[in-house]
Amino acid sequence: MLELQAVHKKFGGLHAVNDVSFSVNEGTIKSVIGPNGAGKTTLFNLIAGNLPPTDGTILFQGKAIQGRKPHQVAARGMARTFQNIKLFHGMTALECVMVGCHTQSKAGFISGMLNTPFARKEEKAIRQRSMELLQLLEIEEFAEVEATSLAFGQQRAVELARALALNPRLLLLDEPAAGLNIYETAEISRLICKIREMGVTVLLVEHDMSLVMEISDEVVVLCFGEKIAEDTPENIQQNPEVIRIYLGEDE
Amino acid sequence: MKVSKTNKILCLCALVILTQVTTTLTGTQYYLTQLTMAAYYGLVVIGLGVLMGYAGQISIGHAGFFAIGGYISAAMTTHNLVQLQDTPIISFCSQMGLLMERQDIYGDQLLTFAPWAACVTALLLAALIAFFLGIPVLKLKGHYLAMATLGFGTIIYRLVLATPLFGEADGISEVPAFTLLPAIGSLPPIMVSGDFGLRVINYYLAWGVLIIGMILLLNLIDSRVGRALRSLHSSEEAAEASGVHTSGCKVYVFVISAVYAALAGVLLTHYNAGIGPSEASVMKSVRYVALVAVGGMTNLWGTLIVGISLTFLSLRGVFGSYDDAVFAAILIGVMLFSPAGILSLRGCLLPSKQEIAPAKEENL
Amino acid sequence: MTVDLFFQYLFAGVTYGSIYAIVAIGFNIIYNSTGIINFAQGEFVMLGGMISISLLQFMPLPLAIIVAVLATMLVGALVEILFIRWLERPSVMQMIIITIGVSILLREVALHIWGESIRSLPYFYGNEITTFSLGSVHISPQVLWVIAACGFMVCGLSLFFKFTPTGREMRACSVNRTAAILCGINTRNMVTFSFMLSAGIGAMAGCVMSPITYTQYDCGTGLAIKGFTVAILGGLGNSMAAVAAGLLLGIIEAFSVSVVPLAFQDAIAITILLIILFIKPHGLFGSSEAARLRDF
Amino acid sequence: EVIKIGAIFAETGGAAFLGGPEARTARMLVEQINQAGGINGDTLELIVKDSGGSPEKAISFAKQLIEEDKVLAIIGPSTSGESMKIKRIAEDHQTVLISCAAAELIVNPVASYVFKTPQKDSFAARKIFQTMQDKGIRKIAVVVGNTGFGKTGKQQLKKIAPEYGVEILAEETYDKKATDLSALVAKLKSIEAIEAVVNWSIVPAQSIIAKNIRQTGWDVPLFQSHGFGNIGYVQAAGEAAEGIIFPCGRLLVADTLAENNPQKALLVEYIRAYQKRFNEDASGFGGYAYDAVNILHEAIKVAGNDRKKVRDAIEAIQNLPGASGVFSFSPEDHNGLSLDSFVMLTVKNGQFVLYQGQ
Amino acid sequence: MLRIKNLDAGYGKLRVLKNISLHVDPGEIVTIIGANGAGKTTLLHTIVGLVNSAAGEIQFQQKCCSGLTSQQVVASGCALVPEGRQVFASMSVEENLLLGGYVLQRNAGRAAVLRELEYQYDLFPVLRERREQLAGTLSGGEQQMLAMGRALMSKPKLVMMDEPSTGLAPLIVRDIFSIIKKLREEGNTVLLIEQNAKAALGIADRGYVMEVGKIILQGPAEGLLINRDVQRAYLGREKID
């Protein structure tokens, strides 16, 4: 599904991602963990096309995607959420999700301006689908509420729905549980599993170990840009190196 | 939502007809002259409104596109080709029916391009320029974008002032009428012309174009693309991640709003039978931006109403030599007391949930 | 091109350049503390010139200039207090448009006070035709005044913003107002102060350049556009860069005279500017990193 | 009865230096006429519109004045571009238009209802070339501002130069708001054959170019257009204005005119009244509006409130002294001034004096 | 130190805080826990004057500070580490810290600021490494430390922290909590808002539980930790049991 081969990213003198290689198998949940500043968000930005890698290859469904624009990557079936929620001001939750359907629809400038039957039909379909997604994430009652005025947890859900609207093959989640309480976190973890059952592969960055260890099939640990471990959650929890630099001794 | 949009359009149509009937009944038809001109400026303003309000891209160079439209069509329809009559290109154009022969007021023979050919050329040129300019310019953000568009406007202004073909400081006069439909039987011809006899037709023509333009834009903002525009306005990164080709979208709206401006330029130039460099000046561009702001950035109706009414008043010279000062005062007033546009003044008094939303932390 | 001619062009370019730069600096100050471009900056330049010319009837030149600068600073403070200070949560766009409005308003007020005629201060040293000659290159002493004033202001301001706490605090206000408040900084006063400072600098510029360029009620607009251009070309917020960019633009303009008709001078200069912007979207010396982190 | 007269002047905007004095003069004059009992018992009503120098506004105002206010005649506009745009409108609606703009194109070819009061540019050019001939100058540079005024000046100079055997070695157009022209001067100075420079522009550039030329120590004769006719510009150029030669109406040297000069009394009176009223020096520009009102006054006296008759009456005016010269109209000549309406002036000790030849 | 009585506040017509009363005594760590949207951030903003109170009283060190501007509140020794970090993104780390010393510089002079700067660098060694880097390019955790360091630069009498552990690695979270404890040991007073209720109650002396704008429970931290309602709602005991 996704394969990173010796990916590097340098910011000036800072080697934010250093020779990282790993692959994500279809239908699995893979987590990336690591101390703050390890380069996790940077890695996501490289994969999603927000930053070009300094060196290395990123294969998505067998094709190299490094250096592609984010929207091109998205069109190929990769969706993402952001560490700091990025919803659209002045748009309702439903509309936000409808934006996510962008790649799934075609009506362009001309048919939009003329409001052709095709555009109208498509619009209806998009609306329908977005509504379904909101239902899936159990926030349909907020469909007409301005997204940015929702509570934090609901905003996360909207963002997730927007990402799902792309019909992604691969979903990148950057700290989906940050700022959520224990119940909301459990909720998110349930959702992620549900998403995986829909056939979507998930790559996750998270600091909440209960979430990571519970749902991921495999965990990659980054530290100062380098991959220091890649293993199943159980083994990672035992890995002395990981414990030393990241998890800390359990009480 | 849909219903109310249609209703609003119907109201506008009714108002347009009502105005014409009233002026005819009361013998005050002369108001139609300025209303016609204002309608054309309205076209520029709503085009800019979509670009600025919805796509969030400021342009302080829109007078440049207006001028491209106006000047190209004016130059093509006034530049005498008689001397070049026998060159192959001109005779080819003549065979294609692109040329027009007529006499000027002093009875001299004129051979020029036909207005429709000029109009098509002008619009295409404006679209092309907008396209090729938009690709690099729209990569810029904030003040840098403002500067780049301002620079574009200035370049056009300078070129117009420096080129003899465009009449330098005097501009171009004696632009012929633009016949859209020749007279058929007893029906009068439909042509864009400032002739008093054709005033009512021109009034309807201008408002017809404006209303169609408005409908198209309203459709656009409600469409898939419109949603993409609004999303990239708020967060380009998130829009990209949702698969929106942001730079492409921006360039296309830029082209659309440039074409709107150019079309207004073409039509108004034929209506006024001339154009001058002041139409290309930076002050004019600033005025368009200000009209959009006063109308409300994301309020196409407000933009339309304000654009039309302030332009109308200014064209009638009601503020005398205080025109700019009054305009500035309105601008400041609206920005101070109702930054979301003049139409939301009502909302200011009865704050709705939406208006409270922007948090205090989002200062600046 | 002869060596003489080369130097004569160069000096003409330096003259234009320092005039542009000195206006651009004013833009940068307000930008640095509020994150907005004050489009009324050109009017401060005009007011400085106009007021000092009017005062000259009553007092000697140096005093007239000082009073004019103070008066313009007062105007700057008033503008801020009347139109900007009490805004609850202004957006950048709102501020830009308000300052455009203020600029038109100030210009119209000036038109109705001073009329449309041109005025100027006398040359600070010598008169209209006095020049120094370096070889066969002739330099008006007033140009030296402009260059000196420009250099003085830039150095002073750069030091001020970089090294003084007040300068740092002014920058902080522009980057994140809430955070500045939470640090205990009185952000409103900072903004007022920056308006006063830039008005004062504008007025100063208006005085030193008045003998060369003359002062008219609408001379601010053109200068503001050039100043803005230069501020952007250099990279917003960086006064040293503005001077470099100003000189660059001035010199390009001066030398462009030798190859293309003068009528196209501005078009050429701005085309070059646009090309530079396309290659370096944050100005010649601007850091794209810093600009990306600042949200518009 | 009230006779309505429309006026379109650029009181604000880039051409305010023209429109301002024009509007003030026109208002003052109409007031004077009304105070003196009007014209044959009718009072004049002057409706002034400020176009800001924009043609589109001028067009709108012209239509408004003609149709809505039903004015008898329109005075103005101040600039050639605006005048050319409303020439046709006035013609189509048979309303007298007395333009205060310089371009010869306004009255040549003649449109039957369109007149203008400023002296023709070609006269100014001829006057300059005559002076050059006297001084033996054959190779010149022409620099103009990018205004309508500058544009027509350049055209006329280029057209007429060959008649006087003068060769134009360099021609440049600069921005009307230029703040410094030393680069241009350096370029001209490097062409060594140039024997004189003609500058055809308006404020403030005409003072700036004078300064820049003198600052480089270049000692060429500098000719200016009749746009230099305002003592304010001399003051602005200071020392650098000394020796500038330019053609101008007699307004600036009114008090040195011979007593029997037909213009003298009127000029002195106009200058006095204007100065008293507005506390500023009268300039040639105000004089254009003076003439326009004055000509209308004369025509209405004869023809009353009738557009066509007034037109005919204007065409019939002969030897009417005005601020710019003595007007004698004819169906072929809608300017009515002769070459003699200009005199050559120069600046000496900060004052305008008649140019005597050196 | 801080005493709030019957406070009401909100945005426009929206009332977020309803009749809140609480107090923080010198040398204490007090934590407020509560669900998303309960109004915790709003409460802190009201205390520092970013949000105007509609009714009620806020006393800081026996002085009423209801009508004061934010600057005055901060100057009187009450610092806030805001939610979402709010660092000066386009300025360097060091400049950020120096700005935090604004109040200190006024009261104690430049030397004190420099001393404090060194102290913060010792507290957060990462920041020393990155002193020249622009704050906006720091990772989330680094930014959080910077925000704390900046607030501490003013040597405040009361530090209020709005969810300082959000988005931080477990190890760092632990660091942060130990820093908070250390602060208390040095005589500081801390008002802490946390999602991570367990950790927060673990170090706090007392706690308040907030729900939809009201304080519904309060008491010593140990008490709250064993309170069944709190356990059910915030500690996830039920699930674990």
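The letters A, B, C, D and E name the chains in turn, as written, and every chain counts its residues from 1.
The criterion applied here is as follows: contacts are C-beta pairs under 8 Å (C-beta built on N, C-alpha and C of every residue); 3 or more make two chains touch, one makes a residue touch a chain.
Just so it is clear, the model here is predicted, and its values are computed rather than measured.
Student: Please give the intersection of the contact partners of chain B with those of chain E.
Tutor: Shared contacts of chain B and chain E: A, C.
Student: Give the chains in contact with both chain C and chain D, ordered by label.
Tutor: A chain counts here if it touches both chain C and chain D, which gives B.
Student: Taking each chain's centre as the mean of its CA atoms, which one is most distant from chain C?
Tutor: Using the mean of the C-alpha atoms as each chain's centre, the farthest one from chain C is A.
Student: Which chain's centre, taken as the mean of its Cα atoms, is farthest from the centre of chain E?
Tutor: The most distant chain relative to chain E turns out to be D.
Student: Provide the C-alpha centroid distance between chain A and chain D, rounded to the nearest whole angstrom.
Tutor: One centre to the other, that is 73 Å.
Student: Let me have the rounded angstrom distance from the C-alpha centre of chain B over to the C-alpha centre of chain D, please.
Tutor: Averaging C-alpha atoms per chain gives centres 35 Å apart.
Student: So how far apart, in whole Å, are chain A and chain E when each is placed at the average of its C-alpha atoms?
Tutor: 30
Student: Using CA atom averages as chain centres, what separation in Å is found between chain A and chain C?
Tutor: Result: the chain centres lie 47 Å from each other.
Student: Residues touching two or more other chains, restricted to chain C: which are they?
Tutor: Chain C, residues with two or more chain partners: 108, 178, 261, 263, 266, 291.
Student: Which residues of chain D are in contact with two or more other chains?
Tutor: As it turns out, chain D has residues touching two or more other chains at 12, 146, 173.
Student: Would you mind listing the residues of chain A that make contact with two or more other chains?
Tutor: Expected reply: no residues.
Student: Give the list of chain C residues in touch with chain B in this complex.
Tutor: Touch list, chain C to chain B: 31, 34-37, 83, 87-94, 96-98, 100-105, 107-109, 174, 177-178, 221, 225, 228-229, 232, 236, 261, 263-264, 266-267, 270-271, 273-274, 277-278, 281-283, 291, 296.
Student: For the complex, give me every residue of chain A touching chain B.
Tutor: Residue list for chain A touching chain B: 48-50, 69-71, 74-75, 79-80, 82, 86-91, 95-96, 98-100, 102-103, 105, 107-109, 111-115, 119, 122-123, 126, 146, 148-149, 162-163, 165-166.
Student: Mind listing the chain A positions that touch chain E in their complex?
Tutor: Chain A residues touching chain E: 11, 33-38, 41, 83-84, 151-153, 175, 178-184, 186, 207, 209, 245-248.
Student: Under the definition above, what is the set of chain D residues touching chain C in their complex?
Tutor: 12, 14, 16-17, 20, 146, 172-175, 177, 179-180, 182-184, 186-187, 189-190, 203-204, 207-208, 210-211, 214-217, 232-233, 236-240, 280
Student: In the complex formed with chain E, which residues of chain C make contact?
Tutor: So the residues of chain C touching chain E come out as 165, 168-169, 171-172, 175-176, 178-187, 289-294.
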